[in-house]
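Next come two complexes, and both contain subunit A; in the first it sits with subunit B, in the second with subunit C.
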Partner chain A sequence: MMSLAEISLGKAVKQQYGFKIRAYGNLFVSLMAVQLIALLFTAGGATGMSGMGWDNIYIEIRYYSGTMIFVFTALWIAVNSFMLTLPLFRNIDFSFVTNRISSNLANIGFMITAAVAGGGTAALGSILLRNILYYLTESGSLIGANFMVAPGELFIGVVVGMLYLLLFSAAGYFVGALLQLHRSLYVLVPALLLGVLLYDAAYESALMLRLIGFFSLELSPLLFVLKIAGAVLLLWTGAGLISNRAEIR
Partner chain B sequence: MQLKFYRYTFIIYSAVLLLSLALFYLFPKTVLSEIELDSSGVEDQSDHDAPIDWEREQLGGAKLYHEWHFDYAGACLEVAPADSEEVRVHVKRTEAGTGRIVAEEYRRDSPLSGMMNSYEVDLTGNKLSVKGPQRCELNFKVFTPEFTVVQFREGEREHSQRLHRSFEFFQLFYLYVPGDVELDFEPDGNGHLIIMDEE
Partner chain C sequence: MKVIACRELRKQFGRTVALNDLSFSIKANKITGLIGPNGAGKTTLLKIAAGYLRETAGEIRVFSRQPFNDLTVSANTVFVDDNMALPGTLNIAEILDAASLFYPHWDHRLALRLFEYFSFNPRALHKSLSKGMKSTFNMIIGLSAHCALTIFDEPTVGMDAAVRRDFYRALLQDYLRHPRTMIISSHLLSEIEDLLEDILLLSAGRKRLQLPVAELREYAVGLRGAAGLVERFTADKEIYRRETFGANKVFVVVRNSFSGAVLEEIRAAGLELLPVSAEDLCVYLTSGERGGIDDVFSGN
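Entry: the complex of A and B
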């Protein structure tokens, strides 16, 4: 359907963004479901366990962490960002006066919202985990170190979590856009990723580990933000350029 | 309708998370805070293996936990491990003619000190039975820091190793016997009598 209406890019993006937030409301419910599943696994002590013994003593330590909640959230955002590039989701944008740029910008807005919601709830989920363990299990055996989180630390956790989630969402969005170029890429891209992992394992080159370490080992907050922002912009730009090359509907 | 359901579900979830946040910070928590993860107060493992001045190394990190006193007039004392668990008895000779036998249990000053079972010592006739501590199983729960929280902190990755070192524990049993009392030790395969330097 053709439209003769003149509309600014900003207004088009705003309209589409608002629509996506309302239309994809179920994704935020799935975020909740994913975090609750992670919480259930973690509260059951799935994070880890170790034992040690001396002459007449055996000590068993069960490890807990909110990291699994974050990992599940990262998977959630990567998958959902990937889904935004699928034809079914992409074609919804054509209900509005739109072009590739406004569509991509609205998607970016949605991903930022998802990252903020995911980062905030994942960090608060780790506090919920602590409360569950403290109030619902035998708290006498709970070691204090790392149990208490200072508000400042929690804030850092929220911000860092959001930035990581933004990176995961940009990666998912880029891969999704790449796969839309040609059907054969649905096989080739996963094969390439698997190949890199196998190469890493065979030659101990640790390409993936080095890539992860590039972000995770960064101790300077400024450099960390710059690294994430750079990578995210690169991935979004790549996805935008790729989607511009896709066939016109 | 469905949109409202999604919205309210997420709002309820957010409210639960915020309530949990308030609960966490507003009410004080009682946890095992005495387990120190700082390695500065923990001896290096290699110190335990050092052959030089072994006794001092061991007792350097230990405190007297329990003491038994016996008056003994006999000329011969039979030391007998009283159970199937391995018992190591460190014997020190004291001044002859005092007629006093003293048994001491030392424990390393650690968070586990108060949780362990003690030795059991009993003197009947000329037989001193020493029963090793009952096997003790302890369960702990510990939080490992979320990597998002410790992103900018150096050295957090050694957390697990430091935790294990803070749990290192030992119990030692010392027996002080006058020099004129002859010692008779018949181990049943599980006991060891270690004669230390005479005082």
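Entry: the complex of A and C
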């Protein structure tokens, strides 16, 4: 009789995580591509513009911001976290050694890695944007305010960016896990989201804005971190509970 | 030691009952053939054993554990079929490397030698392999994993005759060096008969038989001749198969439990006694005592 190999949860998660990084490493190439596209959009055309003129003087003000890069990165992480829950990717996990808990934990590890990479590169992308603008625009026409970023600010920007990305990622993962419950949810969940938006528009109730404001309007750094961490844990736990009884193949 | 033990196992998909009241056990280090017609529940049973699906009722234990969500079962079980999901982003050599990191007893030397023998291009992608090559590659993973429970579900789909033969040979060679519990499911018994020690025959989600292959070969006997005479000898027996041919002739398959004297009597009465191959018997047992496809055309 072949001896039974015992394997700890930690080891299984570590193996599975390493496997995911190797197998899905190409996602980080797509991250670069997505950020590059956002960068081109932003540098090519300003995100805001206003012009005014008297007689033969004309002043045009262009606003540039790294927001687009971040929005694209957020979309990238939400979509990819969603994809992790699709049957194809679940099934690949189960071709090797895993159970549902280790598969979810490895996915969480992967999402954290993606958030760190995404948050870091998005912040660096906005620095790159400044560099590009510095060389593209005529000298003297750049207004200094917010042009230089202090290292401390940059660091806070990176951390806040990562936290937001983690939130988007967890949301994508939760929705994905939810949709796997039943085919009808593929229609119901988007319909529900659309319904909320329409309700907001029709009754000026701003449910969505309030939800976003719950995080974005928080002034205390500690509370902000706690809110994000709480929401992320809630979403992960929800996804884990939903998928823990799911059948494979 | 029992590697798999089931008690009144039942599995339902919606209203469809895939497994029903299934009780059996499989002892360690045997090669068992899981045989049955399409839709008998073979794949469902194997997927439950591998922890992919959850039983609806009853009990299943693999290595004395509940397989669903059990890491030890997963680490000691490999489940191979032609739907094995593998990442499209790694080439097949990288997939072998990845698999080697997962399975504690993985034999990488064997994997590489088989890989070379079947002339795989290391840079090929799994999804671009032909059906037969895919099955062959999956088989390499299944064998090299050296798992205490090795499950092959219809492993030879798409393989040509030569590769099939090589596969069975490789399986046997590796089994002899590293004895372990293997389950091979197939609807074609004749092809794997020589490989198997035991047979578990399923039909419509139920166990029909579980026997050593050697006993299965002797299990039944066919009587051919005049209908009246045949019926006289088989009146008190369960009839596995009955075929009518000619004006008044029948061929009837029954359990081979005649005493020597009765056998003499049968021969003396001018009836033919025919051996029933394990494969034919499996077909008879799972298609009921109907006359088979001929009934469709005979108009009754």
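A few comments on the model shown:
Keep in mind that, in the parts below, the second predicted complex is superposed on the first by the 232 of 249 C-alpha atoms of A that agree within 3 Å, B and C clash if a C-alpha of one lies under 4 Å from a C-alpha of the other, contacts with A are read in each partner's own complex, and residues count from 1 in each chain.
As a working rule, a residue touches a chain if its C-beta (ideal position, glycine included) is under 8 Å from a C-beta of that chain, and two chains touch if they have at least 3 such contacts.
Nothing here was measured: the structure is a model prediction, and the numbers come from that model.
In the superposition on chain A, A:174 contacts neither subunit B nor subunit C. In the superposition on chain A, contact of A:133 is made with subunit B only, not with subunit C.
When subunit B and subunit C are set side by side, the one touching more residues of subunit A is B. When both complexes are overlaid on chain A, the residue A:244 reaches subunit C alone and has no touch with subunit B. Using the contact criterion defined above for the overlaid structures, shared-chain residue A:62 touches subunit B, although it does not reach subunit C.
Of the two partner chains, subunit B is the only one touched by A:157; subunit C is not. In the superposition on chain A, A:32 contacts subunit B only, with no contact to subunit C.
Legend: residue contacts after superposition of the two complexes on their common chain; A:22 is shown touching both subunit B and subunit C. Taken together, the two structures place residues 22, 25-26 of subunit A in contact with subunit B in one case and with subunit C in the other.
Interface residues of subunit B facing subunit A in the complex, by the touch rule stated above, are 2-3, 6-7, 9-10, 13-14, 16-18, 20-21, 23-25, 29-37, 85-86, 112, 116-117, 132-149, 151-154, 159-160, 163-164, 167, 169-171. Residues 1, 28-29, 47, 51-54, 63, 69-72, 74-76, 83-87, 89-90, 94, 98-99, 101-105, 146-148, 178-180 of subunit C touch subunit A in their complex. Listed in rising order, the residues of subunit A touching subunit C in the complex are 1-9, 12, 15, 18-19, 22-26, 88, 91-92, 94-102, 244-245, 247-249. Listing the residues of subunit A that touch subunit B in their complex gives 22, 25-26, 28-29, 31-32, 45, 47-48, 50, 52, 54-67, 70, 121-128, 130-131, 133-134, 137, 139-149, 151, 153-154, 156-158, 160-161, 164, 216, 218-221, 224.
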